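Below are two complexes that have chain A in common, paired first with chain B and then with chain C.
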Partner chain A sequence: MRPIMLKGHERSLTQVKYNREGDLIFSCAKDSVASVWYSMNGERLGTFEGHQGTIWSIDVDQFTEYAVTGSADFSIKLWKVQDGSNVFTWKTKTPVRRVEFSPSGDKILAVLDGVMGYPGSVTVYDLKRDAQTNEIVDIAEEPAYNIMTREGFEIASVAAWSFEDKFIVVGHKDGKVSKYDGSTGEFVDSLELHEQNVSDVQFSPDKTYFITSSRDSNAKLVDVVSFEVLKAYEADCPLNSACITPLKQFVVLGGGQDAKDVTTTSSREGKFEARFYHKIFQDEIGRVKGHFGPLNYVAVSPQGTSYASGGEDGFVRLHHFDKSYFDFKYDVEKSAEAQKHMQQLEIAN
Partner chain B sequence: MSEVPPPQIVENADGSKTIISYKIENGKKFKVTQKVKEIKVTEKVNKSVALRKQWKKFGAESNSAPGPDYSTTQLGEEVYLRLGTSWKKMEEEEEKKAKEAKGGDKMITCRICGGNHYTMHCPFKDTLGDNSSSATAAAVDSPAADAGAADVLAPGKYVPPSRRAGARDPSSNNNFDAYKDQRERDDAKTLKIMQLNEHADENTLRYELLFPFGRIPKVVVVRNRETGRSRGIAYVTFETEEIAESALNFLDGRGFMNLILHAEWSKPKVRE
Partner chain C sequence: MATASVEDIKLEDIPVDDIDFSDLEEQFNIDSQINFDNFVVVDGAPIAPESKVPVLTKVLTKLFSQAGNIVDINLPLDEEKKSTKGYLFIEFDSAVAAKKAIKLLNGKKLDVKHRLFVNSLNDVEKYGTEEFDTEFHEPKLPEFNPTEYLRSWLQDENGRDQFVLQKGDMTGVFWNRNAQQPENVVEPRKNWSNTTVKFSPKGTYLFSFHNQGVASWGGKNFDRLQRFFHPQTKALSVSPTEKYLVTLSPQPIEVPEDAPEDFPFGPESNGHQLCVWDIATGVSVKTFALPPGQKLHWPMIKWSFDDKYCARLGPNALAVYDTENNFELLGGKVLKIDGIVDFSFAPTGVKLAVNRNNELSSVLAYWTPESNNQSCKATIMEIPTRRILRTVNLVQVSDVTLHWQNQSEYLCVKVDRHTKSKKTLFTNLEICKLTEKEVPVEKVEMKDHGLRFAWEPKGNRFITVSVTETADDNPSIPKNVVTFYAPEQKDKKAVKKEELTKWIPFAKVEGQFSNTISWSPAGRFVVVATLVTPDTRKADFDFYDLDFTGEKSLNNVKTVAANLMDVAHPDYFSATDMQWDPSGRYVAVWSSATKHKLENGYKVFNIAGDTVREEMIDGFQNFVWRPRPETLLTNGEKKKVRKNLREWSAQFEEQDAMQADSAMRELILARRSMLEEWTQYRENNTAVLEEEYGFETYDTIVLGTSEEDFQVVEEIKEEILEEKEEEVDSFEETEEAS
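== the complex of A and B ==
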């Protein structure tokens, strides 16, 4: 596997995302310019310029028509992907930590930081689209609703939408994960999942279950409806991100020593590797080296043929998987397949 | 010069084409026959993906040429993802091999047990290490204390680490006081021979006077530092005390090179 290094950012990466078809990669970093790249060859299509501070988060809608960015300059910006023009800007009270389009593309959630006397919230904005062209025709300036930080919870650090805009799953700084109704913002359920900050929440391709990663070195797979932990993965370093691979039954975890401790350790000891775990068996099955700093975000293409990681070192490394990746199977899987094949033969005879 | 006929295209039965063309080069006419088979490869691409491939670049890339720009897109070094439950073992083995190829850690030798680790990390530090220190302590107690050890007892006086009791040479695996000066002698086996002829050097003494006493580890003739002339004194160290004693009896009062020798036991150097 030869990674393609995307060196478009001057500071550490904060998020990397694929669009639905997996042909574009959106990246944002602590410099104030977001980039979009062709995943095929790593060519940069363009940049989104206009923010005044760190861009903490970026997302693209399912039609690849619009992108949204949330920044530390107290604003959320909506962009047209095709030409990089700024369509709309929402002003917020505090820095924006995470933004995401709902699966339908009709809503945007934004995680607002709890600073300067503001308690922190997950704020949802409504959009109206043209039914034919999917173009956004009306943008609500005021939020549809605010999910304020509840009592007994610390502020939210990450949030994500479930299937059909039904739920919003929120990861909190104290390790709790809570669930809210997607249309009204009402509290539904919560879990004490981790001991430290939940650093990432990413959904499965069908958005019925999600994986959380935490600074306490654990990642957990949770069903969104029943809100039960399905699987747990333990790593040997703090985790910044986790994602679920389509096509193969794996999860990818990324992390590493805290950025502030990095100068005191070599890259070998810092554990700046992407770790592959088997989703079902929960075993660690491989690692990919390459970054010089902790991995801040990992994302797998919706087709499951490549993955990209954004590091504290300011690079995005884009990996297209080899054949061996697709061929890999556990012995039990192989024997089960062989058995199935034999049964089929017997039936045929 | 003859005219070039137009190229002919013949369709073959198997679907391939034969193209016969003519060209003139250096006044010579050539006939070129090419057999071509055309295969149509259809690659299915999502419509929207194909559309997006035609998009114009924007932002910082608005003026750059099509295709990846080397300043932002580079190929990294090959990385390996070997999937398997035993990947850790495989990786460890590889590292071990790489280490061995480098020569490994064999450069490090423990001075206590000779093992492959630093002396300070020696697991036998407490057991083996204690032995040596108690040995020196005993030596200090005894009246025949080593001069170096005696120095340690003198309060308020700086003693360099190499002279301290129990100091060992880091370059040797042995447990004896290798830091001790090479020129220092073991007085128990050493004789001081006086009234030697000025012209008798170490080799003369070894081969003409001391040959009956077996191997002589060390002969030192004391010389004047400036002129290099012998001062008629030599220190001779023998293999054992017994040989040294018999040599004392033999040499004392004996004539050698026109002079009568005077031999006695060597005494420890007096340090000021």
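== the complex of A and C ==
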């Protein structure tokens, strides 16, 4: 697996995302310029310029028409992907830690930091689109609703939409995970999932279950409806990100010692590797090294054919999977598939 | 006192107890222990007048003296008629003599009118009394004892094979578990058999040899099923459908006079050495005397594929028996064939071209050597019609062997011929195509002397091991040549059998010691081996694949449907025997202590020649795979299995991994349940989401494939690799110059 290095950012990467077709990669970093890349060859398609500070988060809608970025400069910006023009800017009270389009593309959530007396919130904005062209025709300047940090919870660090905009799942600084109704913002449920900050929440391709990663070195797989923990993956270093691979039954975890801790920890290596775990059997099956700083974000293409990691070192490493990756299967899986195949044959007869 | 008169003596007064009667007792005592064994009653003697009695007595005395010493002969006389009564009593000096007399003279014709009936006096006592019940009673049939299911081993979940290991006096049956310690099927038994054990052709029965005969074993626990009483049995063979057992003993059968009721042989079997048994019932169905003055070739009785006929070789004759007709000779007489040397039945029914409705014929082939006015002949004959299907005439023949392909499509007559000087031998192969019209014969001429020949099972290829005889007969120089033959295929598409006309050698391996060709029962793979024999000291094994899929090939000729490759050459220098497992997955080779004492033990190789398992055991004797019956799958089903081979093998790999060790097993089981759990979760979740939210789950985003979704953009990029400027003389100048 030869990685493609996406060199374009001058500072640490904060988020890396694929569009729905998997042909483009959107990345943002602490250098206030977001980039768009061709996933096929790693060529840069263009940039989104306009922010004044660190861009913490980026997302692209399912039509690859618009991108949204959330920045430490107290703003959320909406961009047109085609020409990189800034369509709209929301001013916020605090830095924006996370932004995400809802699956339908009609809503945007933003995680607002809890600083300067603001308690922190997950704020949702409505968008109106043309039914034919999916063009955004009306943008609500005011939030549709604010999910303020609840009592007993610390502020939110990450948030993500479930299937059909039904729920918003929020990860908190204290390791709790809470669930809200996607249309009203009403609290539904919560879990004490981790012991430390929930650093990432990413959904399965159909957005029915999600994986969380935490600084407590654990990643957990949770069903969004029942809010039950399905699987747990234990790593040996703090985790910054985790994602679920389509096509194969794996999860990818990324993290590593904080740059500031590297000199003070005993381990010679900072464990700056992407770790592949089997989603069902929870075994670690492989690692991909290359970054020379912690991995801040990992993302898999929706087709499951490549993955990209954004590192503290300022690079995005894009990996297209080899044949061996696709061929890898446990004997148990092989035989189960075989049995299924045989059954189908029998039914066919 | 006057002497007392007799009258005075009162009986009461006589002290009876004091009188000594011993002399009288001795005189009149009837010995209740008297032995009638020595007496015979002769009936049917001529009724002679008193005057002729001495003459008659003399004649009869002389006659009966053949049996033994006569103590007394008594011809009772009819007082009125003054003649003998037609019967007499003879006392011999021994019971043996009396028995002999009965045996010899019972039914003896004295003259035209008189036939003697000789019976033991005992019998007269026994049958002549009133008490003897003369009414007919239905014989009591012994209650039917069902045996357990005899083919239970075929139901093994993992389709494993069984094998027998013999070491010293211990014999055990085991499950093959690849590299792992074989698992006991039953506890190894001591002295299970005096010598080796043998399986029936389909594996249902296991036979063991004992002083008293042979025993059959079977079922899940290898319980004894039947005993076949045939003392000192040295060899046995089983008919193809496992109906009959043939035993041979060097000791002729002796039927004792007072044979117990369950004695298996009737008096007609006296002196016979060859015995045919019904395996299921243990009843002797037929016995044979050995043909006089012939070399014995085992098996001495050969069977047609369906067990309907069996045949054995006699001097200048072939005796074919109809098993369904009480083993009577077919057509009432033997087949006269002058000089017949050897014969064999086709191993399966043959679809002769003349047969309608896919009927199968029993076919046998035999050969006769050259005689004064006849050439050597190999003949193929249909049974029971005795129709000759084909005769092959041969000249200058020194030996002939018959080789049937296992599906009876081809018969190869291997003819070892000599040059006129009789100094060198060379071999011709006459291949008869049984299923074609008129049974055409294809001739393959070899330049050297063929030692071994073997057809590919279920195929049309064969291998020969031959040797060119040279002046140098140093045994340490390997001289054998292994040659691979296949039908020529000029056109790659021509795969119909009719179009395969000529067999050609397509590959040769020279400089070998090879003395054994062992094909995988499934075909394609073959092991050409050198086994340790009195002449060869070092064993070696060459594994070949005749349908190698790689690029390389040992083929000399491309126009055949074969691609030969030598796959492996595993070592086992002291191996004396080898056998493929019935599935063609493994080859067992072993070094038997009955042949030599070196490195006794066994190794099991897979078809790639890798050692799967090896065990060196002192005193190891024998390794026997348990055969399997023919598969019940139809060709269509087999094809389907082959098509889904990947799916199947995935499951088997998992099983193998599970067998490898118990920790792995636990892990696999745990994973299996996890996978099951996950699938369950996804299914439930799908149902719940569908119901509650009308949302359909999926595992991977499926992008639209309609053309509207995609737009093909062609970009042409021109890159200038090099730019060069050159000054060229203007045309005008050149024109001027010219």
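Please note the rule applied: the second predicted complex is superposed on the first by the 328 of 349 C-alpha atoms of A that agree within 3 Å, B and C clash if a C-alpha of one lies under 4 Å from a C-alpha of the other, contacts with A are read in each partner's own complex, and residues count from 1 in each chain.
Convention: a contact is a pair of C-beta atoms (placed from the backbone, for glycine too) under 8 Å apart; a residue touches a chain by one contact, two chains touch by 3 or more.
Worth saying up front: this structure is predicted, and the values here are computed from it rather than measured.
J.: Is A:304 touching the first partner chain B, the second partner chain C, both, or neither of them?
T.: Touch status of A:304: second partner only.
J.: Which partner chains sit in contact with A:341 here, chain B, chain C, both or neither? Use first/second/both/neither.
T.: It touches chain C, and chain B stays clear.
J.: Would you check which partner chain A:246 touches, where first means chain B only, second means chain C only, and both and neither mean what they say?
T.: Second partner only, chain C.
J.: Could you say whether A:208 touches chain B, chain C, both of them, or neither, answering first, second, both or neither?
T.: Once the two structures are laid over each other on A, A:208 reaches chain C alone.
J.: Contacts for A:195 in the overlay, against chain B (first) and chain C (second): which applies, first, second, both or neither?
T.: The answer is neither, since A:195 touches no partner chain.
J.: In the superposed arrangement, does chain B or chain C reach more residues of chain A?
T.: B
J.: So in the superposed three-chain picture, is A:186 touching just chain B, just chain C, both, or none of them (first/second/both/neither)?
T.: A:186: touches no partner chain.
J.: Going by the contact rule set out at the top, does A:21 touch chain B (first), chain C (second), both, or neither?
T.: Both partners.
J.: Residue overlap on chain A between the chain B contact set and the chain C contact set?
T.: In chain A, residues 21, 330 are touched by chain B and also by chain C.
J.: Name, in rising order, each residue of chain C that touches chain A in their complex.
T.: 640, 644, 646-648, 650-651, 653-654, 657, 668, 671-672, 674-675, 678-679, 681, 685, 688-689, 692-693, 695-701, 703
J.: Write out the stretch or stretches of chain A touching chain C in their complex.
T.: 20-21, 163-164, 166, 205-206, 208-209, 223, 225, 230, 246-247, 249, 279-282, 302-304, 330-339, 341-342, 345
J.: Within the complex, which stretch of chain A touches chain B?
T.: 1-8, 21, 23-24, 33, 35, 37-38, 41-49, 63-64, 82-84, 276, 283-290, 317, 319, 321-322, 324-325, 328, 330
J.: Which chain B residues qualify as touching chain A in the complex?
T.: 46, 48-49, 52-53, 55-62, 64, 66-69, 71-85, 87-88, 91
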